[in-house]
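In structure tokens below, several structures.
What follows is chain A paired twice: with chain B in the first complex and chain C in the second.
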Partner chain A sequence: MSRKPYVRPVARTTWWLSKGRYVRYMAREVSSLLIAIYLMVLIIGLMRLSQGPAAWQEYMESLASPVAVLFHLIAFGFTTYHATCWFNVTPKAMRIPSGDDFVPGRLIILAHYAIWGVVSLIILVIAGVL
Partner chain B sequence: MAKSNKPIVWGLFAAGGTVSAFVLPALIFVTGLAVPLGIFGDDALSHERIYPFVSHWFVSLVLFGVIVLSIWHAAHRIRITLHDFGMRGDGMIGTVAYFAAGMFTLGTFFALSGM
Partner chain C sequence: MSLRQIELEVLRYDPEQDDEPRFQKYSVPCQEEWVVLDALNYVKDNLDGSLSYRWSCHMAVCGSCGMMIDGEPTLSCKAFLRDYGSKIRVEPLANFPIERDLVVVLDDFMSKLKRVKPYLIPKQHKPIADGEYRQTPRQLKLYKQYTLCINCTLCYAACPQFALIPDFIGPAALALAHRYNLDSRDGGRAERQEEVASHEGIWECSFVGACSEVCPKSVDPAGAIQQMKIASTVDWYLERLMPWRNK
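Now for the complex of A and B:
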């Protein structure tokens, strides 16, 4: 092939800053890093829990530090944002036939939010009871 | 056609994403914000209350499922995200990401089975 196709120059590390929708895409993707860190903290918590009340108490005190609270606030924000974005596009992935037509997208989104609400409520109630 | 393990891997990835979306915001709120800030009271999740709950086999099983599915999902997305941030060397990044996910899985297993 002698033809030389045009390759649009793209900034390798900063391309996502050029458009709002790219920034939002990266905001969703970054939640994976925050989730990994959160899960590491959670697993450490399980280890401390199995080591007895003193270790657990220490762990709980470290969670109350400003850095830990700030991290969890950021992680909560990003994961919630990502979850809502994903629920909002679920009709694109789920085409459920209903008679001659499909189940309306709004209903599918609503169902996801309803399940999300129930699951979250269960977690909150368990935490409140314990 | 070559045999592919992709359906299984993608199924687990999808399950991890679903679990992450439905469970993690509330879990982060509870363990990272509400309890440390004392929203549920000062002795919420005290050792004498939380230990019998978490060490129950069913709760342990659910926690293990939530953590492990989420961590493998996150590991794969971190691999893709690092590429998006301009990092190259996908083989190496993938190896490190999945190795870390394997370590997290073992850590979760031993923490829960040690109760």
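Now for the complex of A and C:
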């Protein structure tokens, strides 16, 4: 008897739409793109700062446009999603032995949120917001 | 004991008759405490003896009854009917070729498993007269979780990277490599690295995490792969920053 295994086709472009967990994964990956664009906006800001007060003023005004505000809101949402996704899976990659067991994963996640909060506070203080 | 009528929609494929798989429906009188495997056994015994599927222990130990149940990679002996509706779709594990009905071809997985050398490679030969290898509870704890793998391959059916890149060694085999790498009695990590850190190894994983979500034994292969990525990255830096260590 000869074998004739059947290979099912793979939906190479739409596979990620088949399940919630794949959609969440793709959202996490796409969030990197928004973070990259946001970093470019910051780098352009540095470049404009080096070009003098007029260029800097122009850059600041462009940031106040509705499109820029909308972009920043979306980028903030995706960045938060990106960060929380990675914080929540950190214990998988980072096992810290403690006695005959490991440091509980929840503690590692909590530490990340705590550091995030402290760093955010410091930045807000330096920026003069608080 | 109450009976419930369940409609099983099973993907059938007969390599001698069919060019492609087709669904066949069975109406099965099920008892409340049954699992999907019981319903399949009812079909086989009473309705259609030609239905093919793998199973053995009926207690989530042998790892042979993995199937897609309502689209989710699941051990059919662990899939209680009470958790499903009155219609249940049963398909062979995704991402594997279908041999017949619900039986998939595992040759590729078996060869990948072999490639990662999933056995102890002692650092140096120790005669039996020297006694047993000793291990502290802490040393055991480091790898014990990864010994629980039953090779059910649900993780491969859940992994989109494996679906898109069939050469990817995949979650279970890599987790098993990690299991031996972490064992204090083992000295084979360098040998395994040739496969583990190759293009078909850990770097094909983009940490979707689906493998760990579907694992019936909580092995967490995604975690194992990320830990191996970190260890391999540390190796890479050490080789370059401290070349004298390579000698």
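As a working rule, the second predicted complex is superposed on the first by the 121 of 130 C-alpha atoms of A that agree within 3 Å, B and C clash if a C-alpha of one lies under 4 Å from a C-alpha of the other, contacts with A are read in each partner's own complex, and residues count from 1 in each chain.
By our rule, a contact is a pair of C-beta atoms (placed from the backbone, for glycine too) under 8 Å apart; a residue touches a chain by one contact, two chains touch by 3 or more.
What you see is a predicted model, and the numbers here were worked out from it, not measured in a lab.
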Which of chain B and chain C A:V30 touches, first, second, both or neither: first
Touched partner set for A:K4, first chain B, second chain C, both or neither: second
Partner, of chain C and chain B, that touches more residues belonging to chain A: B
Contacts of A:L130 with chain B and chain C, given as first, second, both or neither: first
Which of chain B and chain C A:V69 touches, first, second, both or neither: first
Partner chain(s) touched by A:V119 [first = chain B, second = chain C, both, neither]: first
Touching partner for A:M40 - first (chain B), second (chain C), both, neither: first
Contacts of A:W16 with chain B and chain C, given as first, second, both or neither: both
Set of chain A residues, in rising order, touched by both chain B and chain C: 12, 16, 29
Partner chain A, residues of chain B touching it in the complex: 17, 20-37, 40, 44-45, 47-51, 53-55, 63, 67, 70-71, 73-75, 77-78, 80-81, 84-86, 100, 104, 107-108, 110-112, 114-115
Residue numbers on chain A that touch chain B, as the complex places them: 12-14, 16, 26, 29-30, 32-33, 35-36, 38-43, 45-47, 49-50, 52-53, 56-57, 60, 63-64, 68-69, 71-73, 75-76, 79-80, 82-83, 86-87, 115-116, 119-120, 123-124, 126-128, 130
Touching residues (chain side chain A, partner chain C) in the complex: 1, 3-8, 10, 12, 15-16, 18-19, 21-22, 25, 29, 89, 91-93, 95, 97, 99-102
Footprint of chain A on chain C - complex, ascending: 13, 15-16, 18, 20-21, 71, 94-95, 97-99, 105, 136-138, 141-142, 160, 163-164, 206-210, 212-213, 220, 222-223, 226-227, 229-230
